[in-house]
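Shared between the two complexes below is subunit A, which has subunit B as its partner in the first and subunit C in the second.
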Partner chain A sequence: MNTTTQKGMFGKEYAWRGIAVLCGLFVIALTLVIGAFLIYKGSDTFLKFGHTLWEFLGSAKWHPVDSAEGGGAAGALIFITGSLVTCGLALLIATPFALGSAIFMTEISARFGEKFYRPVVEIFAGIPSVVYGWVGLTVLVPFIRNVFDRQVGHSILAAGIVLAVMIFPTITSVSADAILAVPDACRKAAYGLGSTRWQTIRHIVIPAAAPGIISGIILGLARAFGEALAVSMVIGQTTALPKSIFSTTKTLTTEIASQMGNAMEGGELKSALWSMALLLFLVSLLFITLIHYFTNKGKAKAEGGKA
Partner chain B sequence: MKKKIIAMTLSAVMAIGLFTGCGQTGESEAPAETQAAESGAQNETQAAQDEKELSGTITAAGSSALKPLADDAANAFAELYPDVAITIDAGGSGEGLKQVADGTVDIGNSDVEAAEKLDEAQAAELVDHQVCVITMAPIVNPDVAEAGVTDLSKEELIGIFTGEITNWSEVGGPDESIVLITRPTSSGTRATFQKYALDGNEEASNASMETDDSGVLLQNVRDTKGAIGYVALSYLVDDPGVATVAIDGVEPTLENTYNGTYPVWTFEHMYTKGEPNEVVGAFLEYIMSDEYGAQMETLGYGVSSKMTTTEH
Partner chain C sequence: MDKRIQRARRADRAMTGIFYGIAAFFFALLLAFTGKVIIGGLMGASPEMFAFARQGAIGNQLFNTVYLVFISLLVSVPLGVFAGIYLAMYAKPGLFTRFLRICIETLSSLPSIVVGLFGYLVFLVFMGMGKSLLAGALSISILTLPLITTTTEDAIKGLPAGYFQAGMGMGSTRWQAIFHVLLPACIPRIMTGVILAAGRGFGEAAALLYTTGSGSSLRWGNWDITSPTSPLNVLRPAETLSIQIWNLQTNAQDAALANLASAVLLLLVLLFNIGANAWSRHINRKNSGEKA
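Then we have the complex of A and B:
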């Protein structure tokens, strides 16, 4: 009897281990396959249609031909600039608010923060992007048009604000977790040396939580960079480099979303769009690497602190 | 413990069921068709004297301009033949043509001819059905029309869309900047408008706001002072809150399209790979029939057979 239970025990051990390994390998394989597929599709722009990498990244001339013959221009600078500018603006708006509310809900009013504020922020994070876009289109765009007395309210400013609202909860909750993870001993030591609460937060808690906060900001940036739907509704897609915060322009994601359905398979336009998708993939890879770098740094710091 | 195992097996079975369910719609149309053929044969033997009942599935994908019509026709057709299941997806003309050439769908809806988006060998396999005529009209914000711009010459229209004319006062309107609201370069609507309204002149992409679909375009023209854009007549049947503009004195209407005076129109195509099977053929025949033609016109689409000219 003893042996049969043992047999069953070990059988389960191996079966479940096998299933877990299989799932893990599948996810790894999927990521690699997607990457390989994007490289395969995106390389056509350079290999088949003979555009240089420098042209793709550095030229604002964008009129790829929608046919397999090619011969157009495939400079994606407009979209790259558009993505960078809108995301930068979104970060500029969202980060102070997010940091402030993260400090508020952990250090200043912890019980209210944990019971009420955090759930509210999490609800924010769960709202689908189409809702943000639509609200932006019906509220924000007319608002900008009236307040700044412009004919068109669609603008980088509108896109930046919508994105800021979207990434604010991500940055807030990751930062709050990082701040909570700072050992209480640090705070007590600071108070013991006669620091005020602000001095403790400013000189002890924030520096100790910095790697986690930076991870949160990068995570928010990654979300902003990948957002297509909400942005496309308020940015007023124009194929031109932005001149001011009120300019209309395009981002990498909005251009892919609006052109992919009609573009011809194997044509120059479609290849250029795939190259842009590859660029997005690489950028998100970069972001994730950065997050890992900062998380490891945070761990090293924490361990160093203990020793 | 046993209960747990049972629950797990059941959930596994359900998960597998989900996967296979997904697989069938995409890949295996052949079994569905043979099933349809079989049940058709059974029906025939059962009720040899009765009218032949159609049953089976029709899948279509492609042009978003044609989709409202295809949806309406599918509903009407389904009332006549309840055993026929019709699925229609949008996704763009290019996608529709690609999928019908691959055999993924039965019908590929397209604003443009297959040869423009596919290579020659693929295009040659497809059979064209010109199911309707679609007319594109320039539209402006009501404030522009109220100030007197209801008619533009072709030169003025070209000037506006190429970015040479930038203020409405240059064409007899208010002193207000012109806001161009257009469609992406790969859009079939844009291609048609550019070809026949702008005589092939390239639109000023760096000065126009592009919108992903005609519904959004309409909303933006309605909400933006001094805006001009273009949509198919099918978007203008209910009070749209925008004003249409005549080209060289000719109003964009179905009548003017039929008699050949209004130039901005194109045939909408439903492509099949080879000759259509019985069910698909019946559906196409129904769309092009006179009885459905009347309904088609109330939706803002033109009937192909009423065209007095087939060339521009």
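Then we have the complex of A and C:
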């Protein structure tokens, strides 16, 4: 046995193993640092400028001062409402269509779906959001202005439609995976009892795939919630609570995108914007927890336990 | 009884029709969307828009986009691949590994504007870089890191157990088995992940808004890497295609130019995504033993 080669061999093993562990540690450190920075920057609104959490979440008075003295009002309710309404509308539009497409490509036309429809849908998941925003601005906004006879076409409706088209591929492909995972025996049993295809889909396949479908919807929601530029192009950017789906308003992300560059470092406005970024971070954590909850529920269901 | 069956049959036929309708509608919508962006963008363009000029053209922006994504991959690929190797081969089940997975998931679901703000804070405010291509590239690296990590892990775990066992049976160390057997076998799969990551990087705008700035004055032929107008300098501001579209819609209204930029950006992303898709299909066929 040549001991020097062996020594080199094990030396290398430990060295490379060390590098792999370091990279794993780096990912953890990066996440923690991002979280820590957001908390550190976002807490100034409450600690340094003395705004209450209730004021931040529940008040629509948004006049933060762009200086370190503070004394303005930092109620982010307008942006929170804007985000919720646009994402809710996007989900309302996208979910039925996405579910229909997912069922079409798995249950109704499986060969065509697998070979052609799914690749196309997946490719569309990668279309940059600015392109969606730009097309929304040049096609959808004039369209809404003419059809509904409004003064401006920029509106929550436009933002909802743009987001719906954006998240449609995500919901479709995750739901299709969930539907494919339903065991074939379930379908055969249903057909054996004399069900039609629609009865099988409605009473057997969709309930069995429900946790996966909900995960897909939450993933889509998360993507819509974090989208900034496409929404700012079409939502019209006025600081007011929306009155109808034709109102112009702002969302958390659009306000951050438009104000962050102008705000003074260490000022009240900037702190309030950081608090909004922190809120976005917390909401995305919430979405992850929800997805975990539903995935576990789906697993329990598949194993035949009570779910 | 007969009526119920008839009703069920009618409902079945109606729903089948509706599903076909939905599928056809979205298929048409997606095709119309790309058709409009690509054909509309290219038709409305004039030849000088393709030039590498300071204003009114997309050449410099296209170069910036590709260069920025390249730099970001230089950082995120090694980090992501090693983290993936760690997860697939070295990690023992336990609290640490579970926490690492949660971290990766958190990173992958971060809104890109939050990543952009983080990049702005760390690279610009704390490290004093100034708006630069490098700051933007590093922000994009944060966005693509989780994707590359999970693809690598899945690729290694997807290999038959025999690969690793044979390596170990020959008396190799873990690392030798990884480096000489497992990695070569899953490089095509990892490449697919990298291509997808590049596609995501090309289209990213929110993360770059506060990190790269909007400079596009390059002097071609100036290869001095420290000069602010050299194309290769990573510390200069660099406007990418996506930021260009954003700027055009907020400032000037040169719609034809923005249309062209959208068309080129979309083509670039589609090319990469379709490429990745076709490649992974090819690998799957090859691995499942059919003639490829």
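By definition in this document, the second predicted complex is superposed on the first by the 283 of 307 C-alpha atoms of A that agree within 3 Å, B and C clash if a C-alpha of one lies under 4 Å from a C-alpha of the other, contacts with A are read in each partner's own complex, and residues count from 1 in each chain.
What we mean here is this: a residue touches a chain if its C-beta (ideal position, glycine included) is under 8 Å from a C-beta of that chain, and two chains touch if they have at least 3 such contacts.
Model, not experiment: these values are computed from the prediction.
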| item | value |
| --- | --- |
| More subunit A residues in contact - subunit B or subunit C | C |
| Contacts of A:T238 with subunit B and subunit C, given as first, second, both or neither | first |
| Partner chain(s) touched by A:M264 [first = subunit B, second = subunit C, both, neither] | first |
| Partner chain(s) touched by A:T52 [first = subunit B, second = subunit C, both, neither] | neither |
| Which of subunit B and subunit C A:N296 touches, first, second, both or neither | neither |
| On subunit A, the residue positions that both subunit B and subunit C contact, one per complex | 233, 257, 260-261, 265 |
| Contact set on subunit B toward subunit A in their complex | 64, 90-95, 98, 116-119, 176-177, 179, 184-188, 205-212, 216, 220, 223-226 |
| Partner subunit A, residues of subunit C touching it in the complex | 8-9, 11-12, 15-16, 18-20, 22-23, 25-27, 29-30, 33, 36-37, 78-80, 82-83, 85-87, 89-91, 99-100, 102-107, 109-115, 117-118, 120-122, 125, 142, 145-146, 149, 173-176, 178-179, 196, 199-200, 202-206, 209-210, 242, 245-246, 249, 255, 258-259, 262, 265-266, 269-270, 272-274, 277 |
| Subunit A - residues contacting subunit C, complex | 9-10, 12-13, 16-17, 19-24, 26-28, 30-32, 34-35, 37-38, 41, 96-97, 100-101, 103-105, 108-109, 117, 119-124, 126-131, 133-135, 137-139, 165, 168, 195-199, 201, 222, 225-229, 233, 253, 256-257, 260-261, 265, 274, 277, 280-281, 284-285, 287-288 |
| In the complex with subunit B, residue positions of subunit A that touch it | 62-63, 66-68, 141-142, 151-152, 154, 232-233, 236-240, 248, 250, 257-266, 269 |
